[in-house]
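Shared chain: chain A. Partners: chain B in the first complex, chain C in the second.
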Partner chain A sequence: MLYEQELKTFVDATTNFFSVAAQEPASIGSPYLMEGAPSVHEYTGIISISGKREGVVYFTAPKAMLTVMLMKMQENDFSHETMRDLVGEVANTISGNARRDFSREFVISVPSVLSGEKPDVPQHAGRRSFIIPINWRSHSAKLVVSLS
Partner chain B sequence: MMVAATERRRQVLMAGLGTALILVMGTVLFFGFRLATQMRTSISALQTASTLQTYPETIAQQLNSLRDRLEVRAYSGQALSELQTSVKHVDTNLRQLEATGDADGPQLNRARLLWRQYQPVLDPVVSFTGQPYVDSDTAGSSLSSEGRRHYAEVKRAQLFANENARPLQTHLAALATALQHTSSDAAARLRTLLLAGVFAALVLAVAAGYFQLTRARHERAAREAQDQTRYILKSVREGFFLLDADHRIGSVWSEALSHMFSRNDFAGLSFEDLLKDLVPTATLTTAAKYVKLLWGQRAHENLMKSINPLGQLEITRDNGHGSKETRYLQFDFHRVMAAEGIKHVLCSVSDITASVLLARELQDSQDNANAQLDMMLGMMHVDPLQLTSFLDTTETSIKLVNTILREPARNDAEFRKKLAGLFRELHSIKGEASALNLSSVASRVHVMEDMVSECKKRPELSGNDFLPLVLKLDELLAHLRSVREMAARLSVLKDGAPTPPAAAGAAGGPARAAGALDELSPTLQSMAARLAQDHHKQFRLSVAGLADVPAPYATTIKDCLIQMLRNAAVHGIEAPDVRRNLAKQDAGAVNVEFRKTPGGYELVFEDDGAGITPQNLKAAAVRKRLVTEEAAQRMDTRAAMALIFAPGFSTQEGVSMDAGRGVGMDVVARSVANLGGKIGVSTHPGKFTRFRVVLPGVDADSAAVA
Partner chain C sequence: MSANLKPNTKKSFKLMIVDDSNIMRRRIERSQQFEELQLVGTAGNGLEALELFKKTDPDVVTMDLTMPQMDGIECIGRLVTLKPAVRILVISALADKATAVEAMEKGANGFLNKPFTDRQLNEAIAELLC
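After this line comes the complex of A and B, so read on.
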């Protein structure tokens, strides 16, 4: 069973990234549960967790949102690689905060990035995921926490 | 404390030694000075006496010379002058010796007496001032009359001097010897004194050296002890410090404190200041009072220990990485006693976070095991089909809850819109769980209802407010899965038959339109028994006609009956002693009847309890701020009775599992209205309350009995 503090660590890490990097805070939408693999956007930054908790946490965002973020960050390069780097950076921030807040009972992997419409997101069969919409400006991304 | 006493004793000893050294030196110097002075006087007197020894002989020779000159008529003035000088010297020196205390003895007295005998003889001689000769041309120089007289006196003095010169010389020599002895004695005493002084100084120096060595040894031991104390305070995992009478921390503390409190400025810090940013004000006040009590001389330490309010203190602190963490600290207090009473309070602080969390996990595990046991025992009394129906319905409701949550929301209004629907669904799940006596499910849903209530009170809602609710929803789903698994095992145990297939999670199988209402009667009986026990009431429930409920009405009729039964148990039926005073039977009566009518169907629910008074309804509505006081006063009886069906209305002050939220009857009324039916209430205060639900007829296809 996931604890509120654990969930908040992931959520805060994501929203803080927007405040710091994109200089405009993000808000979270109405969270909900989902059985099976949730749909993902074009770019997904993912970390795997093992130890006390097992599963994955990922941030998935549409290309349009990432483009506006890069513009806010004064970037001129909107290439595929830059988009991948950006979601990787969000996943890295989530990973860093998790390492900071959780004890050594959590083993957190190096972030990886997936892209495309149907990327092969590692998903444990029958596991429920917490879906937390991340709203920024008019765009919406998703933070997916799928841990047991 | 012992170290301080030893140090004080050593300081006193060193001061004593210093004083003794000063006294010895002072004595030596004082008496040495006196002896030296005495010696100088004696030596001076000795010199005078030695000089005087020559004068008796000198005076005798001078008198001889003077007589010879007078006899040959030679010039006598020079001889007389020398005699006068000698006599004067003897007089002066004898007076000086008299003035010297050391010479004043029998020898001087004898010499002085003898010299006094000289004086009558010598005085006429030395005092002669005349012309001893007369000159004539014929006779030459001859003695004048004065000269003759003077010659006779000189002759007499010469004879006396010749006779007494030696005795006087002897007396003066004896005096010189005596003075020499006196001087030698003084020198010997001075030597002895100096030797004694040197010896005493040596003894004192040795003593001072010894004490200095001892002191150095003690200081070394004290330094070692201090080092050891420092090592202990550096290594020990507990936080230690001393509190003085002003409740301030002393200058020595263990390093563990720095880690526990993330600060280093403990010296002089008050105990209240140490805790003020870490604990709530009430805890801080209690802790301050407790520490004050510790200084009471008559307070019993074991008793004080038993009322320690800081036995397990939860604090929130910076974890050093920019975020907060919760730790649990245990404070222990021990009074440090001295002869004059309580000197300090020793405070030890332990970080018991690990053990608290372990105990909590154990307790959770125990609670979980107990809950599972309770759940299993409760489930044993539930019909398997009813249970399956409940699980299916509940999972459908949860799916609905999740669907409500999934609706995108970005602002307060959109978030707030979800609350009513969430409430309705959760309340419905709780009602059915209570009816089946599945308290583990009901209590979980009750907590979720609390969360939704809290959300309602917040001025601005965001997605963050819904995170705890989603976590609880996940927990509820997990619990329902374990209920289903347990039901399967029970079913195997009961009859060895396989259980109906288990639906998985929120995406489980479709909900059945309604439970089997012919099986609702025992469920209601079971719920009635639990409600009577929980609310300390007694009542009999009689149910009739539920087998005739058509399928489309099954869910609504079930929800109605559950809600009405709760209301009757909580608000309607009086406690047995109250009923006795009202001349009623101890056990109340609740009657339920469902029947077909010419125009459709009718459900009548009646209890013989306290009834409902419009005044109570109005007062409760004002209390819940559903209407203003003025509006309540203007309401007639009909409008007041309609309050029963208003959202958020309840006459109950607090919230319990069975009443108080005011989300029951409005849901019932809405469900009935959705079916095209009506609900009405009639009551007589002190006599009864009757709810009547009228539903339209249904067509033949859907009229199949549920």
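After this line comes the complex of A and C, so read on.
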């Protein structure tokens, strides 16, 4: 079960990431309950959560958005590997920042990354997942938080 | 002797960057503005960092914490055992105080949270070099 204040922690971390790392604020929408199978973009960075809470946090974004993010970060490598690196780093940073409120018992894994048109995103029956919509410049992405 | 020919008396420091993200390693290398820091190598996890440390004997290390194979906390302890005078700046997304305290107790000298601005990075390195 996720509480409103806990979701706000992820909203705040996402807001901070785009303002600081991507150097341009994102518009973060209200979280809503995910229904059915997750729909993901071309690149997805997944963090497994263990400890007092269990589940996953993942950031999924289209290649076009990641390309512009890399440009804003002064990167000049736009390879597939760098896209994978970026979605993993975004998921890692947002999840790690959440420990400010969740404490160190919120144990995060190193990122795993999925890419391609229909990757197999891990799902757990009975666990509610919330989608936090992210709009940045003309692009849309999602942070999905699924915790017990 | 003209000012231009005056020998450079600034002490130089060897720098090693440890992070499992290539993007972060390049970002730190590109954004740090200290002439006295000479990059001797980068590593993607704690084990690689230990090997590189033994080969290059750096004076300053930036250290991520969440990494595969050997995490940053364990690596800090190993590096400090090898060279107690090494100065270590942790650069991590882990934002809880207990983790920062643990890193400092292991021997880190500073802690910078991701994401960070260039200014924050350079201020943190400046404190490390004092």
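Keep this in mind: the second predicted complex is superposed on the first by the 143 of 148 C-alpha atoms of A that agree within 3 Å, B and C clash if a C-alpha of one lies under 4 Å from a C-alpha of the other, contacts with A are read in each partner's own complex, and residues count from 1 in each chain.
In this section, a residue touches a chain if its C-beta (ideal position, glycine included) is under 8 Å from a C-beta of that chain, and two chains touch if they have at least 3 such contacts.
This one's a predicted model, so the numbers in the text were calculated from it and none came from an experiment.
Visitor: If chain A is used to align the two complexes, do chain B and chain C fit next to each other or clash?
Guide: Once chain A is superposed (C-alpha atoms), there is room for both chain B and chain C without a clash.
Visitor: If you stack the two complexes on chain A, which partner ends up touching A:130: first (chain B), second (chain C), both, or neither?
Guide: A:130 contacts chain B only, not chain C.
Visitor: Using the superposed model, give me the angle at chain A's CA centre between the CA centres of chain B and chain C, as a multiple of 10 °.
Guide: 70
Visitor: State whether A:110 touches chain B only (first), chain C only (second), both chains, or neither.
Guide: second
Visitor: Per the contact definition in the header, classify A:86: touching chain B only (first), chain C only (second), both, or neither.
Guide: second
Visitor: On the A-aligned overlay, A:100 touches which partner chain: chain B = first, chain C = second, or both, or neither?
Guide: The answer is both, since A:100 touches chain B and chain C.
Visitor: Taking the superposition on A as described, I'd like to know which of chain B and chain C A:4 touches: first, second, both or neither.
Guide: First partner only, chain B.
Visitor: In the overlaid three-chain picture, which partner chain does A:30 touch, first (chain B) or second (chain C), both, or neither?
Guide: In the superposed model, A:30 contacts chain B only, not chain C.
Visitor: For the overlay built on chain A, what is the smallest gap between any CA atom of chain B and any CA atom of chain C, in Å?
Guide: Distance of closest C-alpha approach: 5 Å.
Visitor: Using the superposition on A, tell me which residues of chain A are in contact with chain B and, in the other complex, with chain C.
Guide: Overlap of chain B and chain C footprints on chain A: residues 97, 100.
Visitor: Inside the complex, what are the residues of chain A that reach chain B?
Guide: Those in contact with chain B are residues 1-4, 7-8, 11, 27-33, 35-36, 97, 100-101, 126, 128, 130-133, 135, 140.
Visitor: With touch defined as at the start, can you tell me which chain C residues reach chain A in the complex?
Guide: The contact residues of chain C facing chain A are 20-24, 26-27, 30, 66-68, 92-96, 98-99, 113-117.
Visitor: For the complex, which residues does chain B have touching chain A?
Guide: Counting only chain B, the residues touching chain A are 319, 321-323, 402, 405-410, 414-415, 418, 462-464, 466-468, 470-471, 473-475, 477-478, 504-507.
Visitor: Quick one: in the complex, what on chain A touches chain C?
Guide: Touching chain C: residues 16-17, 20-21, 70, 73-75, 77, 81-82, 85-86, 88-89, 92-100, 102-104, 106, 108-110 of chain A.
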